């Protein structure tokens, strides 16, 4: 961390600022230029309380040199994290294919989709029981019953299940869900993150609609700080000015997050564009770019889907995509 | 709501689509053009489940004519909503000045600030007890103790208090808080909104960082649908590409939200720019633009603030701003 | 085009509006709903002057059904456009690899890079002679001399050349340039587009930093309207709130632009992220997503580059990328 | 400027880097921390060529301390710039009201509007002769004839005229235009800016749709570097995710640009929101926030306007706005 001092600060003021910094277990490196005076902070600035420094009246700017996250930081954890979910590995050389309906609608629906996607090569079954909807008048999901139907589909196919938890009081019901999803709108629900950090569940953390990659990693850090290192990062499109797609899929997260962090990175093309006819193209792009997997909405009858049918593909379309994905995985030496 | 049918749809397909729509208690108005066929929906489209229509394979586009919110809609509620908070009115000709520290730090701090701002003309005291922070290593607020200190300050000054609720389990502790604030990161925490809708508390709902005005009103609708009409809308800056300010304050919400809705609109310049030296300018702009009030961070010693000192102004600066605000209120025939 | 009439319009007013529309060679389809009255326009709305309609005081909303571009529209031109550049084809099954330095610096530099990239499989040589720079104090390119050096490199390698034209008065000097690039900042320099439309040169049109896909296609339409159909669309990153990358590469343009238009789509990963270490990942993603090619900055000595060295890769890195790209092209049945 | 060196750089490498920097007439201040080594640059970094430094392989980050503009920088020019346009002053305590039609349509139209706005208190007449339009099928302005009609209106009213120049070859025709406007789409047309810098005309420079304030000031710097200091900055809305307004008016530019620069700042509410019914609210906000003026579209018959009628107000509405603006100006001690 580097502090740029205002040009008109007196020597006495600079001295007091340095003493205050040193009282926080940091050393300083002081250098006086012709136009600006600069103070470098030496020590663990990630956990220090730096608010006081930033608001000191002689401070012009504070420039961060080091990233503010520690546990999610590849600098302190050079090897890729591999998460084990009932024997299936997520990360480092493994491609995870999470597929299933936006929302669970009936036993028949979810079991039939689960069987189809398994036959095509999916490795996880996703399905929403609790649905965050923009309008209070839209279908809000089957709730606890939906979770039970997912478990039935798991029993029938052996696919581990992924479902979204919307609120803390639902946590006990997710005891037997294999991967707990935190939705984009909850990415900065810090109390929720903290409590999930106290479990040892794999957490699929979705990037907030307008979260920077740094904030995304800080939210992972909230979970990891409490002791749960099983965090899977999931990009699902960010909000931009473009309206041709629902959101803008930011595939550059793949090289960037993988450079800055050791956590697995999954891409959700379905929510990103909101357009089923782009899913094949975006899935192939995600795998080619180096993602550790994708999360795709598949519905046996998208026109009748109670939620987000517009972005769901059919089992047949999913099967076709999987054929190419397997070829790409081979080129990239990855295990599907 | 208007449905544009794909050019290659057969008459039989169009007929089936119309039947499906009519089964939802909507009538249709069918018009066949040379290039496109268009179906108009007549009836209450706000509460109908329209997902099925959108994903029908012969549907090209669905164009909304009417806004998807009802209770928050000025169309169905032409008069301004005025909210009574312990005898103080929010909305329609009343300017509410909510001021106080970002976070409550001690009895001495909050009482002393409360007295200062009251003397300058503030009408509500704000103070954070639970603080949503991007980093798990930052100060997270005093919690329940903070709420108690706010109540002491209220007793000393008579100012009603505003504080942020971060999670549902904190709700009982907010029984005696006068206005419950829902933060920007919780604007789409739908379960929280629903529960707040079951209380009769005034809710200050902050706009999400990347929420459109329509989504903002839909979140108000979540609260109002459950029976609580006491919603105050608060703009606090949106996320854009600009980095000179922390967020971009969108003052155009004032004329737009007031045209579309009957709810009061408050502006928070402090969080919007994150720069204390812009607060005076932006506060005056908010009042001139027709806001029903502002929410300003005031700290007796911004340099020592445990949170967001960079954006806090001093009681002296606040007093100076209030002097101009009063003149503006007079020109606009508003009561402060 | 659909017009929603305000609820309080009188029948006489609606009648006058309809007459005005009909005076523009459009027919109307009138439907009166219980809440809203809707007028559908039938005929060629793309070229009609619709401003008058939009501002009529009884008009509430105007909803576009058809895209406002004609020549760039796949609806009226179902087959892919293939552009022939000195015998090399751009579009439909051909992958074009455009590589070279950000800016031409010397004969030795550009010839040596051209030879390297050709050996690795590049099909076009790019190099900037005129450089749009944010700061007036930065290197502005070699100008006309740079164009001459590019031609020397073309003579030595046979690679057709691509270079950016910044202003109309430079046009004569681009007579012998094979593809004229229009930079992102000039995407809406309409006078420039119109003049380029009067040539028969292939134009590589870069998407503006904050241009929607619709505006992008409207700019292509400006060129095509004058008679030049040789337009290549190039995505180079859009401006968003994210700062980890210079811009956000929007790969969803590939399926979307290809659905809406018949023009070839090229991706520029170098300018999009501004980070050389992401170029491999993003190039593979672009090819996998179905792009007709990529445009990559290659410099023999990025550290000494006079411009944008941060985003340039070395000839060795380029060679490695090309090896994978060839495998992907094979899977996708495309010719490199 | 501060350089953060990668942790694994050798002492010899750091030495070579320092020598390279010193060869550019800069001194360095070297400080070795426990985790990071930092080099501070002392001297005039604004005009030095820093690309070489940024791409040196041992450099991790480069952090700018000083703004990259000099002539537009308040640091080097503490007093407000006041621009004299035919005896009327723009900047520092003067409020300039620029009003008129989006585009000049006829002598009668522009003269009649000019007379009305003058009577209400406008100080400049605006009118477009050359119109940048997204669609090639929209009305493109009257061209040179439009300029002549503006001059007639000036003769009739005495109001100095403002009009937009779209391309360099139009420059001779603007000899007798009082303020030359550079549109948002041309804000980074660097060749145009450079040539305008060689004139002594007042330039009204509009902010690009997605330009940061820093880039905005860099474009002013392009003009000023050539010797023309008469630059007026004009905010006209930036592009964000919000669609309720055409753009998002960023009024925070007023305090921020005024802190960083000495140039006058004008607000264009009409283009910012694209909604005539927001103009009153946003104009009052601009004046209250400290703008040096506003630029407002006024049309005698918005419904018949050939361009942007949706955002134009009538002379009667303009007159009403001016009444309040005068009261605000008085409170702020400004001359209208």
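Each chain gets a letter, A, B, C and D, in the order it is written, and its residues are counted from 1.
As a convention for this text, a contact is a pair of C-beta atoms (placed from the backbone, for glycine too) under 8 Å apart; a residue touches a chain by one contact, two chains touch by 3 or more.
Predicted, not measured: the structure shown is a model, and the values here were computed from it.
Enquirer: So, comparing C-alpha centroids, which chain is the farthest one from chain A?
Expert: D
Enquirer: Between chain B and chain A, is it the same set of residue numbers doing the touching on each side, over half shared, or a different set?
Expert: same
Enquirer: Nearest whole angstrom, what separates the Cα centre of chain A from the Cα centre of chain B?
Expert: Roughly 27 Å, centre to centre.
Enquirer: How far is the middle of chain A from the middle of chain C, if each middle is the mean of its Cα atoms, in Å?
Expert: Centre separation, chain A to chain C: 31 Å.
Enquirer: Give me the residue numbers in chain B that touch at least two other chains, ranges are fine.
Expert: In chain B, the residues touching two or more other chains are 210, 239-241, 243.
Enquirer: In the complex, go through chain A and note every residue touching chain D.
Expert: Residue list for chain A touching chain D: 2, 4, 27, 29, 31-36, 38, 40, 42-43, 60-61, 63, 65-66, 210, 239-241, 243.
Enquirer: Quick one: in the complex, what on chain C touches chain D?
Expert: Per the touch definition, chain C meets chain D at residues 46-47, 49, 51-52, 54-57, 68-69, 132-140, 166-169, 185-186, 188-192, 194, 209-210, 215, 218, 221-222, 225, 239, 302-310.
Enquirer: Which residues of chain A touch chain C in the complex?
Expert: Residues of chain A touching chain C: 210, 212-214, 238, 240-245, 248-252, 254-256, 259, 272-273, 275, 277-278, 281-282, 284-290, 324, 327-328, 331.
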